[in-house]
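In what follows, a single structure is set out as structure tokens and then discussed.
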Amino acid sequence: MIKKIRSFAFCTLLGSLAFGQLQAAEAPLRIGTEGAYPPFNFMTADGKLAGFDIDISRALCEKMQRDCSFVAQDWDGIIPALLAGKYDVIVASMFITEKRKLKVDFSDPYQKSAMTFVIDKNSKITDISPSAMAGKTIGAQGSTTQADFLSKVYADSEIRFYQTQDAVNLDLISGRLDAQVGDIIPMLDWTVKSTDGKCCKLVGEAITDPTYVGDGVGMALRQEDDKLRLALNKALAEIVADGTYKKINDKYFDLNILTLK
Amino acid sequence: MNWYDYLSYGPTGWGDELMAGLAVTAALALTTLPFGLLGGFLVAAAAVSPSTALRNSALFFTTTIRGLPELLSLFIIYHGAGMLINHTIKWLNPEAGFFELSPFVAGAVALSLVFAGYSAEVLRGAWQALDRGQREAALAIGMTRWQAFRRIELIQILRLALPGLGNLWINLIKDTALVSVIALNDLMRMANVAVGVTKKPFLFFITVCLIYWLICLLFEYLLSALEKHANRGHFKQQI
Amino acid sequence: MFDLLIEYWPKLLQGALLTLKLTFSAVIIAATLSLPLAILRSNHNSIWQWPIRLFVSFFRGTPLLAQLFLIYYGSGQFRLELTEVGLWWLFRDPFYCALLTFSLNSCAYQIEILRGALQAVNKGEIEAAIAIGMNKLQQYQKVILPHCYRIAFPALGNEIILLLKGSAIASVITLMDLMGHTRRVFSQTFDISVYLWAALMYLLITSLFVWLWRKIEQHLNRHTQRPSDHHNLQSAEQSTTKKYPLESANVR
């Protein structure tokens, strides 16, 4: 009887380990994304991932002739999960920054971007200099370049960090925030195209300081995965050249986000 | 759109997504229960064992688990255990692939540890409340220690521990909401996703609250019926 | 591992202070509300019984995280209405939202604990109080409540610890408590050891609290120790582990 129990315990232990399986080398490419960052990556009402990042990934996979699967990951943990091997590449509109380069490698940029302040349409804020914004409450998504920018440059303002961009938007709508800092493209998209974003408008010049915005937006990979990085770069160049990129771009945006022109 | 449109099934409503999330929540709770209970038994056995080392490790385990926020345990397992396992695998075999600790497994492991920590205390209390004489009698009539445990003690421990374990089960169901923070698509996270898209926070959060409430009420009812059944041979103690 | 602590300890400490502030403010608010509600709930003729039961059942039957989201983001949907009744300042601030949620949640649990303790107060004591001519207020003040709190004391301590741990979710509505700072440091350094340091800090806080609570409990129960045991620590501990001496006398 004791033997039975022991072997049962052993089996359950093995069973629990088998939940996560060892991944073979040529398995489908696993792509990590956030799924809460429209229009780049988001969940549709039928529970599927969609958006610019997803479409671009699919196009890249097609060019590389590899099967792809998507993994949704909370933004805070998106780099740790890559390092832990939960997926092989992050396609989630991530800025290429020096700090991130210490941990991961990036593909060539597949979009350019800048940051911008967003405020309520009825807000009286016109000056967004750090001294004018002192004492005001400013929000941004945590673990982002916007968050770094705010905590360095706007030290005298009250800064709040949120789990998702959607949560920042919610609190700007409800008036808990005086302003927020976000990526210019999703912010334009939100304030112009969506119904709930009608509350708000962009203010001030776009923030293009390369210390924060870096060299644009790239796909992040583990540093040892050079082969995959080169393959992605090649596929990216191909979809830009054959017009696939433009087709996807135009589906979501009015301007070309690879050049920002 | 009316509120019931938002909660309806189909491509525009979120009802089907919420139900899919509920299925994940249920799967997580049901996966956790047997492992947590088994862990609780092992820790409780260690806590009443004659070995000082075993007793101390059991004490260390229960104190740590019960002193840490469940959310923190979850993060430590999710980020820490994944890294640790991969480092070990790489160290053993640099050519090996990656071990994937999914949010589901991480959540189940963390919640099992929490459940084990709390249920160990409940089980130990029940164990110690047993009448020693019964065991001695069982041994005296020639049962082995294992037989005495299984036939005499275990059933009584379960009866005595039932109210405590029932509470822990309801707590476990509520704790599953925490895994939404590590991106497992459970009921709570699907509500968050729906709120992000629809900007109707009150509607969706009150809905998930009501769903959790209903489940907890249901189990409260079932557990009290079960307790009544388990205690049918015992007089209710009047105070 | 240690260099991380050297660089970030002021942040973690700052976070721990907010955790403590949030938890203990909520506990105190809940404690003030829970006593009258528990008394109302115990009175079987009260019309308040059902609303209180519903309140307790809801807050004990739903996840704290869902309650926090409901109160924080849910209230944002009613900004105009709340501004009209002059309550928006309360819901505008994440700290107050967390405080409100935790207070209501803890209040529900404390009502249940106190209700049980009120029931466990020896009926003979109350009869004796009536017999010597105490009025209702005096009965509560001098007899029922002291017994009630002594019986409820260990359970209340557990509840405070549960709330302290539960407060870690305040970080999801932007509050930089211990958990909030920990997650931020982790997202900057990707260094897992920050979680271990946070774990140590939480353990330190909870064990200090358990120790303190036990000391107070011993103090409250000092009259149940035999005089000869007074300086004997070991037997003092034994007498307090026998938690409800009055109740056990009653059973016999």
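Lettered A, B and C in written order, each chain numbered from 1.
The working rule: contacts are C-beta pairs under 8 Å (C-beta built on N, C-alpha and C of every residue); 3 or more make two chains touch, one makes a residue touch a chain.
As the structure is a computational prediction, the values presented were derived from the model and not from experiment.
Arrangement of the chains shown, judged by which pairs touch: all-to-all, with no pair of chains left without contact.
Looking at B-C and A-C side by side, the one with more C-beta contacts is B-C. Averaging Cα coordinates per chain places chain A and chain B 33 Å apart.
Chain C has its Cα centroid 23 Å from the Cα centroid of chain B. Inter-chain centre distance (chain A to chain C, centres taken as mean C-alpha positions): 39 Å. Shown for chain A are the residues in touch with two or more other chains, namely 80, 83, 163, 167, 170, 173. Multi-chain contact residues of chain C, defined as those touching 2 or more other chains: 73, 75-77, 172, 183, 186. For chain B, residues that reach two or more other chains under the stated contact definition are 79, 83, 181, 192, 195, 201. Chain C meets chain B in the complex at residues 57-58, 60-67, 69-70, 73-78, 120, 161, 165-169, 172, 179, 182-183, 186, 192, 195-196, 198-199, 202-203, 206-207, 247, 250-251. Of all residues in chain B, those touching chain C in their complex are 63-64, 66-72, 75-76, 79-80, 83, 170, 174-178, 180-181, 188, 191-192, 195, 200-203, 205-206, 208-209, 212-213, 216-217, 220, 237, 239. Of all residues in chain A, only 76, 79-80, 83, 99, 103, 139, 142-143, 160-163, 167, 170-171, 173-176 touch chain C in the complex they form.
Taken in their complex, chain B has these residues touching chain A: 10-14, 16-17, 20, 34-35, 38, 78-79, 82-83, 86, 89, 96-102, 104-105, 108-109, 146, 150, 181-183, 185, 190, 192-197, 199, 201. By the touch criterion stated above, chain A contacts chain B in their complex at residues 1-2, 9, 12, 16, 19-25, 27, 35-36, 38, 42-47, 72-74, 77, 80-81, 83-86, 163-164, 166-167, 169-170, 173, 196.
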